[in-house]
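Letters are used for the chains, namely A, B, C, D, E and F, taken in the order the chains are written, and counting of residues starts over at 1 for each.
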Amino acid sequence: MGLRQDGRSNDAIRPVDFQLGFNAWAEGSCLISVGNTRVLVTATVEDKVPPFVRGSGQGWVSAEYGMLPRATHERTMREAARGRQQGRTIEIQRLIGRSLRAILNLKALGEKSILLDCDVIQADGGTRTAAITAGFMALTQALTKIHKTSAFTTKPLKDWMAAISVGLHGDEVYLDLNYHEDSQIGVDMNVVMTSKHQLIEIQGTAEHGLFSRTQLDLLLDFVEPAIDELIALEKSVLPEGALLIG
Amino acid sequence: MGLRQDGRSNDAIRPVDFQLGFNAWAEGSCLISVGNTRVLVTATVEDKVPPFVRGSGQGWVSAEYGMLPRATHERTMREAARGRQQGRTIEIQRLIGRSLRAILNLKALGEKSILLDCDVIQADGGTRTAAITAGFMALTQALTKIHKTSAFTTKPLKDWMAAISVGLHGDEVYLDLNYHEDSQIGVDMNVVMTSKHQLIEIQGTAEHGLFSRTQLDLLLDFVEPAIDELIALEKSVLPEGALLIG
Amino acid sequence: MGLRQDGRSNDAIRPVDFQLGFNAWAEGSCLISVGNTRVLVTATVEDKVPPFVRGSGQGWVSAEYGMLPRATHERTMREAARGRQQGRTIEIQRLIGRSLRAILNLKALGEKSILLDCDVIQADGGTRTAAITAGFMALTQALTKIHKTSAFTTKPLKDWMAAISVGLHGDEVYLDLNYHEDSQIGVDMNVVMTSKHQLIEIQGTAEHGLFSRTQLDLLLDFVEPAIDELIALEKSVLPEGALLIG
Amino acid sequence: MGLRQDGRSNDAIRPVDFQLGFNAWAEGSCLISVGNTRVLVTATVEDKVPPFVRGSGQGWVSAEYGMLPRATHERTMREAARGRQQGRTIEIQRLIGRSLRAILNLKALGEKSILLDCDVIQADGGTRTAAITAGFMALTQALTKIHKTSAFTTKPLKDWMAAISVGLHGDEVYLDLNYHEDSQIGVDMNVVMTSKHQLIEIQGTAEHGLFSRTQLDLLLDFVEPAIDELIALEKSVLPEGALLIG
Amino acid sequence: MGLRQDGRSNDAIRPVDFQLGFNAWAEGSCLISVGNTRVLVTATVEDKVPPFVRGSGQGWVSAEYGMLPRATHERTMREAARGRQQGRTIEIQRLIGRSLRAILNLKALGEKSILLDCDVIQADGGTRTAAITAGFMALTQALTKIHKTSAFTTKPLKDWMAAISVGLHGDEVYLDLNYHEDSQIGVDMNVVMTSKHQLIEIQGTAEHGLFSRTQLDLLLDFVEPAIDELIALEKSVLPEGALLIG
Amino acid sequence: MGLRQDGRSNDAIRPVDFQLGFNAWAEGSCLISVGNTRVLVTATVEDKVPPFVRGSGQGWVSAEYGMLPRATHERTMREAARGRQQGRTIEIQRLIGRSLRAILNLKALGEKSILLDCDVIQADGGTRTAAITAGFMALTQALTKIHKTSAFTTKPLKDWMAAISVGLHGDEVYLDLNYHEDSQIGVDMNVVMTSKHQLIEIQGTAEHGLFSRTQLDLLLDFVEPAIDELIALEKSVLPEGALLIG
């Protein structure tokens, strides 16, 4: 029996759904479902920036990531009870923050900061790429809200963007890995990309098996159409985002 | 203008909704909405008990409580980032655990433990009573699941139960306080009660104003019909719970 | 053999003793003995208040609670060594602080804060109610001291107050539970009450057994004379407290 | 005006008092007063030893040291609230443990451990030496108790012992420094010594001023009679300790 | 003036030096210098594995990373004093561990674990890639030592490997970035690669600027000769490593 | 076979080497080797002082001490991973700070602080005395650097100084204990002393055995020539230090 057991073709992503404005209090919010993976992202806007950018005229975006204890098949211990965040958590929230700062024109934002809280309600692989994609939606919704009360003079977003995972199992490429697939695979890669197929972040890891530059190319060939598909969905749900991109 | 601004009468509770089985992996789960308050409770069953009950032939129930950072109007710092749980969190999760242990026949459960994770998705007052009520639902669903594979010989639940808040503002009583009301009120009380109007827990606090025993009685008069209403809803959503009660 | 093994009648409290001014440096202090339970409370006055009341013209009272490691039969680990306070500690110190803020006219105090350190030297049940009662004494002594150098224009205390525990074992009520009794009992309740029998805080818990509203009334009938007895003792030890009550 | 303001001669120690058995639950306990300094030490006996001595046939003694927050003129933050013990605390508890292990025949004790909890109720200089002296009393009381149920075949204590501080201010020596003196002095030294004037621990520190070997000798000349005086008091309060020394 | 101020051509790496066996006690150790960057890596071999691989017949490699406080121009706070490791530290040590597990045949190692401690003595950019390269040397030395006492039946290493950074500044590519360059650059990438130019890990990040797939290719063209150069040096210093590769 | 197995006579110290300026970024630095013990000390100068000396016109010196995990034969857990510094670490860094403040004229330094980071690269006994000696070198180098840009009007150092350990095994005295010797010995003592043989700090501990005042004298007789030898070496490596002493 093959790696992929849910009937998808190797180059198919799982069903994706966005619930924009899921949270009533936040400036921006989006609950994303990618198959059984569900992540809620809220965007909080603050009129201050961290010390290291203060006075630069620039804004800032950062992210925090968490999992509800029973987001996983086996319950995982609550990090607040444990008293510290785990390495995986910290690595992921740094990736999300970096990716969304890269798509933003920080000068255009001005000395504001936007904090993205990414909480995994249910996990089935691909939570970090889901969080980045939903983070872009929540961020764009928050920017739209800012724009209504004090219009941006420069467009704050560089382009539409989305993120997806892809893996290599033997010589076969699989797009959008679920938990079962992710735990079997030799090489996995997360890619954050714009609508013009510019790279924002690429993280390829070979825990079980090495990969050639030719295979790297092949993996990226699978990624591009998935990014197109995700961005098309983003545009259908939040068309006003286009006004902020330039 | 009065304390209650949403058009409810003093003795009315907000609209309540249960989404049973909201989480695909947990043995029991319930997303409760009480007005704008939304709490997700999952029940995790384990075949072991904490050291202090080991060997007693009894089971155990405990609870953990958390808030997503943007569950509140103003974002609150993530407890995992802070490195410790706050006093309020700990006080609440102890209350939830105690209340649900009281409704259970721990001997009938046998040496199993059930951990209730109560996570506030959106907060607008009454999160602890909402968590207790939804906790009862998730617990009952998990017990029903256990019952299917190994039937209980003694009924594990003593009765149906629910929880609600009530307050005193001057001489007026208000049922089911939302955040705005709770922050204005002089005396507030949380009551956990069975369908037979037996008390499980009563916590009355007078931060701003004292209250007489006559007023205590009046507060409880408001509570009883609300408990009836909540339990009727529980029965409509999870009628098979009745099989476990005796 | 009955629950009560020390020869007391069900409605009798244990011998109580106050050593006012036990600590030479603190603005107020009281070592309370209730049978074998001994708690030292010191009051520290500061000319500043926490951020959330700053600028309101009001004062604040908070409490911290600790146990010496060998206050108990079995040594318990030092919380400072453990690196965090336990849930029970936090729950208790929040209760003490709330109760003493309720008896105080915070406006009359002005922007000062009083911190009550409650340290259990020896424990035999009822440490939280002993701490509240002794806390009232230490607080009153500190207020008397403030009054000498800058007289209050409004009386800062609303009334005398004290706290006591009471429990239900089967159908019998027992007042002022010691450790042995507390560990056997089905329903236990802590009550904080004024000399006029107004309630400040009522916390009733049914870990093993439920209780009716009739029983709740009966429990409170036992509490009232005990509060009278404690307050009579307070008045004999610190008569000048009466000057601050109005 | 001189350094010493309480009328004592330079070579006089403050009034010392021992309250043996102050704690009702502990195997050994002693509340020591040295002037205004008051330290409660309890000894807890356990039938197990730390991993690094396990299997060696030897026992172990360790100490923990704490201060109640208002033991000092200015309140100090509770270490449990701070989440970690301070450097000074750790340095002191290591000194106390080392000193009491040195007076003990660890082989004679067998694989038991004794934990000394030293809690400062009120501080006015010399808390660490007071803790060592009271620690010896609590330890001896605990050993006496062990001896009654299973008699030692080898004497577990090498000698009587006590500890005292001494300081150098300019060219003058001052014995048993109180807080005021300690904060003024250039060189201070803590000495732990047996009845035969053998040294167990000597810690001399020159924060403000250096000291010669001749001055070191002079400081020790002041210490010896103070040790004699303290040990005489120990013998009067706990004469049965002599049975354990050999 | 250009980005590169030290006279190197864009495709030149800084002078590299290995001091193998720098630590007298460790099973393997290597002090690497890359320009002013100096990292000491020690390898500790243990005859046990973490719980999640126990019983699998496989070994494990993990890494810890730290910086001496004054490794940097401005002193950074000691993480042990701070009480937790920072996000950057955790991200780096996870990268190092993953990369070295990927080059290893974990089955061939058997149920042993090797812990690589990577401590930065002096930092000037590229500490993570220096740690991976030196980590390979320390690991290989430790494996050689194991091989002497109990010869491997299967070769434990898949290939020689090394790591290097590369960046994009406008349209120009720069190899092996020092601290000054790294802080100016728009896109930076860390690559871990074998002697056969197989990829182990690729992490490309666009904090300031996006990059195309063509540019990704160009960056990798710069990396390959640098990897060759580093591996040639590895072979000259530790030729016996070749015996373990297959 | 005797305690000393490396051929040294009882009164000989191990070979000592100073590498001054080992760190390229710090204001002062010294890598000391004493036999197999290697400690790197860096001095960081800051134009501010801790709160408790602020406004006094005085400077401050403090120290932090750490060990690389594999500085020891058996790897020790990284304190940053453990989340807290151990008791031994804190005790040692307090000793180093005190000793170096004592040799300094804090008024002459003015409101500057110097932080000494003492990191043990390899340990074989005597790390705390090595750190003090190397700390004096790094401190003096940093003072020399300050002196070049703003000359001291009062000499900031009182004298040359060094530190050494000495022990008593039975009746024999051994100077400069290595790890093997230190773990066998009954009484050990660390002494910090000036070139004029004034004492700065003396810490004598009898974990296994007691010692008389006559033996204390004998131990100090061994220490003096070792201090002379160390200071002679200091003068040869950093002769310009003499300009700052008076």
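Just a few scattered comments:
Everything that follows uses one rule, which is that contacts are C-beta pairs under 8 Å (C-beta built on N, C-alpha and C of every residue); 3 or more make two chains touch, one makes a residue touch a chain.
Keep in mind that what you see is a predicted model, and the values were worked out from it rather than measured.
Chains that touch both chain B and chain C are absent from this assembly. Here the chain-to-chain distance from chain B to chain D, counted in touching steps, is 2. The rotation relating chain B to chain E, fitted on Cα atoms, amounts to 120°, rounded to the nearest 5.
Separating the centre of chain C from that of chain E, both taken as means of CA atoms, is a distance of 60 Å.
Separating the centre of chain E from that of chain F, both taken as means of CA atoms, is a distance of 34 Å.
In chain E, the residues that reach two or more other chains under the touch definition are 83-84. The ring of chains, read from chain A with the first step to chain B, runs A, B, C, D, F, E. By the touch rule above, chain E contacts chain A in their complex via residues 84, 87-88, 90-91, 93-94, 98, 101-102, 158-159, 194, 197-208, 210-213, 216-217, 220. Chain E makes touch with chain F in their complex at residues 23-26, 29, 36, 40, 42, 44, 64, 66, 68-73, 75, 78-85, 89, 115, 117, 119, 121-122.
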